[in-house]
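Two complexes come next, and they have one chain in common, subunit A, joined by subunit B in the first and subunit C in the second.
This part shows the complex of A and B:
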């Protein structure tokens, strides 16, 4: 969750400051000399410095080091590490290699989870945000209730849900049984139920975060626009499509990007709820990479896997940005 | 004699590298800073040492700080810092932490991790402190010292053993008209009881496909059918032998024939036992400290003999001295003093639901008097099998659980699942040989 919070601040600050920055920029540009611009940039970097320092030490430097590891036969208990070129990457694309099958299965599992969870994590929080935006009685309380699970750690929610979803003694199956429905659904033990559980748990856990961001976006939409739309005879649904959604686009871009990245980095839910089972079908890429790199000390192949996952996510993020920006323009 | 050894150790340490050569860990590249663990009590200036352990559940989180506090109060020149964390986290962090000189001075690990650490050069040979404690292989259950040895040197000092047993919910048995006084000890008796339970509409044993505790049950059965997990020099997986197939088939049959429900989640069976939904559960000795058992009428017995011989799975924990980059000899000496003290004060360890490894401590009659539930576990130790000790073995072991999971969820037939897992395990063993050196 940490990186997302940082990205959140980083992305949100510029966007909320944008109008003022644009205004001052426009006002100053005619009379600002080049030295002024340089001083301006200097000040900006000064303000960025605290974040940049952390970012460099904890993100950029390890990334570069990881890239180096991925082209060596790096091992934590050898004194010298040998450069082996792209061998680690080639192995990952060679059917029959020791990691090929497991790695791509885990990438597939990550893909399935992302495709299943992201739509739920965008639509349901949007719906909740719209409901909360209606100045209903106790709105603040509801907002807190929806947000509450998000403050819990994955270990906590994992253990809670493990109890609820137990095949034989779980509360969920018990309730289903009382309603005359099948009461032996293997929620965490077999697919497809394991996927259903993982998505439900993740949505319950993180929807509050997206809902709060979207709610803030909704509140930022100028009420005059709704009034004007009403005067033009637009109904509820028309207003949603023509005012709400376009107004939310910058926020939606942020929410969808972070949600995709977070879903693709899913680890704890599978690790605790399904143990990656049945067999290894819900073992996500991060789970496999962490197992290879940290438990089995195969750091070099694990680093290569991370970069492949990174490449996938980078492409998806760029596409996402393109799509949503074009819509805005 | 003891002093002579200690002096020799100091000399060896001073004669840079000799100690390392003796320990034979050149393959793992133990690093030039390595020194042996001394056997004498530490008398130098005050040091603070860090102690990593995975005792986060049961009675241990209360007991360990008490013991550490007692030790600290008795030793003016040593301060032990107790750092409990999850076992899994320890094995993930340890290599990098030790290489960076940030690891603990002393730690406890499971038997299947010691060789992995030793091969990586993370550990200091502890032969001298073993001598100072007066320990020999005979002082522990058979095979336990070996679990802490690697290439002829002793790296782990046995501390506790944790075998499996058969937990029984007596109320459930009574409700099915079975006399709980006699616990089945063989296949006939066990299957008869399961049949009677089934007739009363109760699934007698819930089979799960997870490490806790399906894998432990499978391994127990594998040994009972005369098989073994790996060949002697751990270069080949043998858990897909006939014995393995018989063991896994027995477990899958329990599900297929209705003695176990399908799709039991991890820990579902122990929860079921405690909730009075099932009668038998194969579980570790650590469950004896589970307070939920106070709510039910229960007994625990050695696991029944399903196969052709008696056997049961057991894990073990061992003390290790870490070869941190720039390891301070004073700290290692202080750590050795701490370990010796803990071993001398290990009688109370049974409170944590682990059996003290030292025979004389464990076989002291007062131990069973104080903790009667431990008796069946102690009785089963003569035929207990410990986890395979080889560098990187846990990666290969993980495939056993995959096979088990595939078989109990009906994804593959037992033989097919085991063959596939063995094939992949062999690849990992080959990779381990390359990674850790022969």
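This part shows the complex of A and C:
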């Protein structure tokens, strides 16, 4: 039974992932695989057809279509579109153009939010995951409670925190007042408080998500490593730096990448809590792009903006990947 | 150190032994004093309980506020007990010009429809990717996986135009079909199908079963847990979608709860009890779903990074 499992799996895996032993062990395999491939191609595409139809129309087509829009003077009020090359992109990089100031302000706001929120969204959940990893009683209950806000939509999160953070009748200012602290903090209507609010709300909303993933990563670390470190006389802090963090690196790469992307795509929190204010200072790139493209009918420049944002995110992801990769080696 | 004496308090030794038993060695490694362990456990619980309260109490406060009258919220904004306890906010919502219970229905229909589309298309496609060898497989799979990393903003404007051209603006199709084309479902199910034992399928194939039969009678029944998890995650994602429905839904009676709630906020901005009643209506269904499927949801999120 055991060998047959290996063979079956081997024929099913793409050749590059086939175990070396299985590949060299059976000389006949390549030909068998090839005839097998010929036999299943029609069936396979029938199975894939419904998904590929949707995928083509709503994923592949729009990514090409969007790129095309961004090099035209597309407008919903005109019947024809003209190819204008990189003009939309050039405008976005030309100081003084209509969109330059607002677009880069929104990119800056996105950058500020990402820089402020990502460390909080990594460190606090990691701390909680480490606490939960102590085999304590009620661990699953705590885990469920911490995760719960994540299932609520951003609109729910937004309206309830709009109330909790209200300057006059919000509970947070009331509690601060009871503790003898300033009780008139303009949480959502003035900077820098608006940034603090957006970060607090985002942490409250999503900390459980990251904590759950990091906890799974902690559980996957070989306990022998901790035991060995103990025998070498390592204390708690030493073990954290030399066992926990290195063992967590692949999971941390995943969590940090998704968290950076989520933060850079922030929309709902600003939309509801601060309405992008004061004076557009918390208007994120996604807010500005969607407003320009879908409310102001400025579709071509908005499409160009979305590709510029994409380029930034791609570069940041690659840098993040490289940095964390290098540490491993 | 000679602190291998039996701890005086039983509770900390329990939690401690779980951590140290992994090595199973008879020689005790140097350990902290039991007293320190007890203090540490207490501190641990203190922090966890503090965080748990920081999450639960705001939600409780929202619930309390939703049962207050408008006058009560203004005259006694921090009263812990509604005086009088009233469903005024809910009835105002029910009778107001904004049809929140219709939004609730719309949200439910849209989330269900999109979940159904995803389950059908992703499971069929994932079967091909997991079990069949075919020409172009690597390219198809590579393109699907590649789009997992593309930020959704890229699709925003072109998909709006595509949906507009299809005549789908302001319909349920706009908020269900484009979102079902994402790569997550097919990727998720493919991972699961690959992990299923191939022997049963092989046996069925030898008995002359075709792929459709193997898929419907063997693979799908074996995949119930994965299909349930995907269904829950898809339902939640659609229920909570915010940016896209704001722009593709236009008439008040077509809205879903998330954009609806944002409008409610605009209408009743200072009538907190009414807005909070809206938030409660939008939260209760997903919190119930989470209550039922908490373990599956959390486990599937937990495994997403470790396996991937």
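Note that in this section the second predicted complex is superposed on the first by the 268 of 329 C-alpha atoms of A that agree within 3 Å, B and C clash if a C-alpha of one lies under 4 Å from a C-alpha of the other, contacts with A are read in each partner's own complex, and residues count from 1 in each chain.
Here is the rule we use: a contact is a pair of C-beta atoms (placed from the backbone, for glycine too) under 8 Å apart; a residue touches a chain by one contact, two chains touch by 3 or more.
This structure is a prediction, so every number in the text was calculated from the model and none was measured.
Contacts of A:201 after superposition on the shared chain: neither subunit B nor subunit C is touched. Set side by side, subunit B and subunit C differ in how many residues of subunit A they touch, and the one touching more is C. In the superposition on chain A, A:162 makes contact with both subunit B and subunit C. When the shared chain is aligned, subunit B comes close enough to touch A:277, but subunit C does not. Contacts of A:231 after superposition: subunit C is touched, whereas subunit B is not reached.
Touch criterion met: A:43 reaches subunit C, while subunit B stays clear of it.
Of the two partner chains placed around the shared chain by superposition, subunit B is the only one that A:296 touches, whereas subunit C remains out of contact. Within subunit A, the residues touching subunit B in one complex and subunit C in the other are 162, 166, 169, 290, 294-295. Residue ranges of subunit B in contact with subunit A, taken from their complex: 28-29, 31, 88, 91-92, 95-96, 99, 119-122, 206, 209-211, 261-268, 271-272, 275, 277, 392, 394-395, 398, 402, 405-406, 409, 411, 424, 427-428, 431, 435-436.
Within the complex formed with subunit C, the subunit A residues making contact are 1, 4-5, 8-9, 11-12, 14, 33, 36-38, 40-41, 43-45, 47-48, 50-52, 54-55, 57-63, 65-66, 69, 128, 131-132, 134-137, 140, 142-149, 151-156, 158-164, 166, 169, 171, 174, 204, 208-209, 212-213, 215-217, 220, 223-224, 226-227, 230-231, 233, 250-251, 254-255, 261, 264-265, 267-268, 271-272, 285-286, 289-290, 293-295, 299, 302-303, 306-307, 309-310, 313, 317.
Touching subunit B in their complex are the following residues of subunit A: 75-79, 98, 162, 165-170, 184, 186-190, 275, 277-280, 290-291, 294-298. Across the complex, subunit C meets subunit A through its residues 15, 18-19, 22-23, 25, 29-30, 41, 44-45, 47-48, 51-52, 54-56, 58-59, 61-62, 65, 73, 77-78, 117, 120-122, 124-125, 127-138, 140-141, 143-144, 147, 149-162, 177-178, 180-183, 186, 194, 197-199, 202, 211, 215, 236, 239-243, 246-247, 257-259, 261-262, 264-265, 272, 275-276, 278-279, 282-283, 286-287, 289-290, 294-295, 297-298, 301-306, 308.
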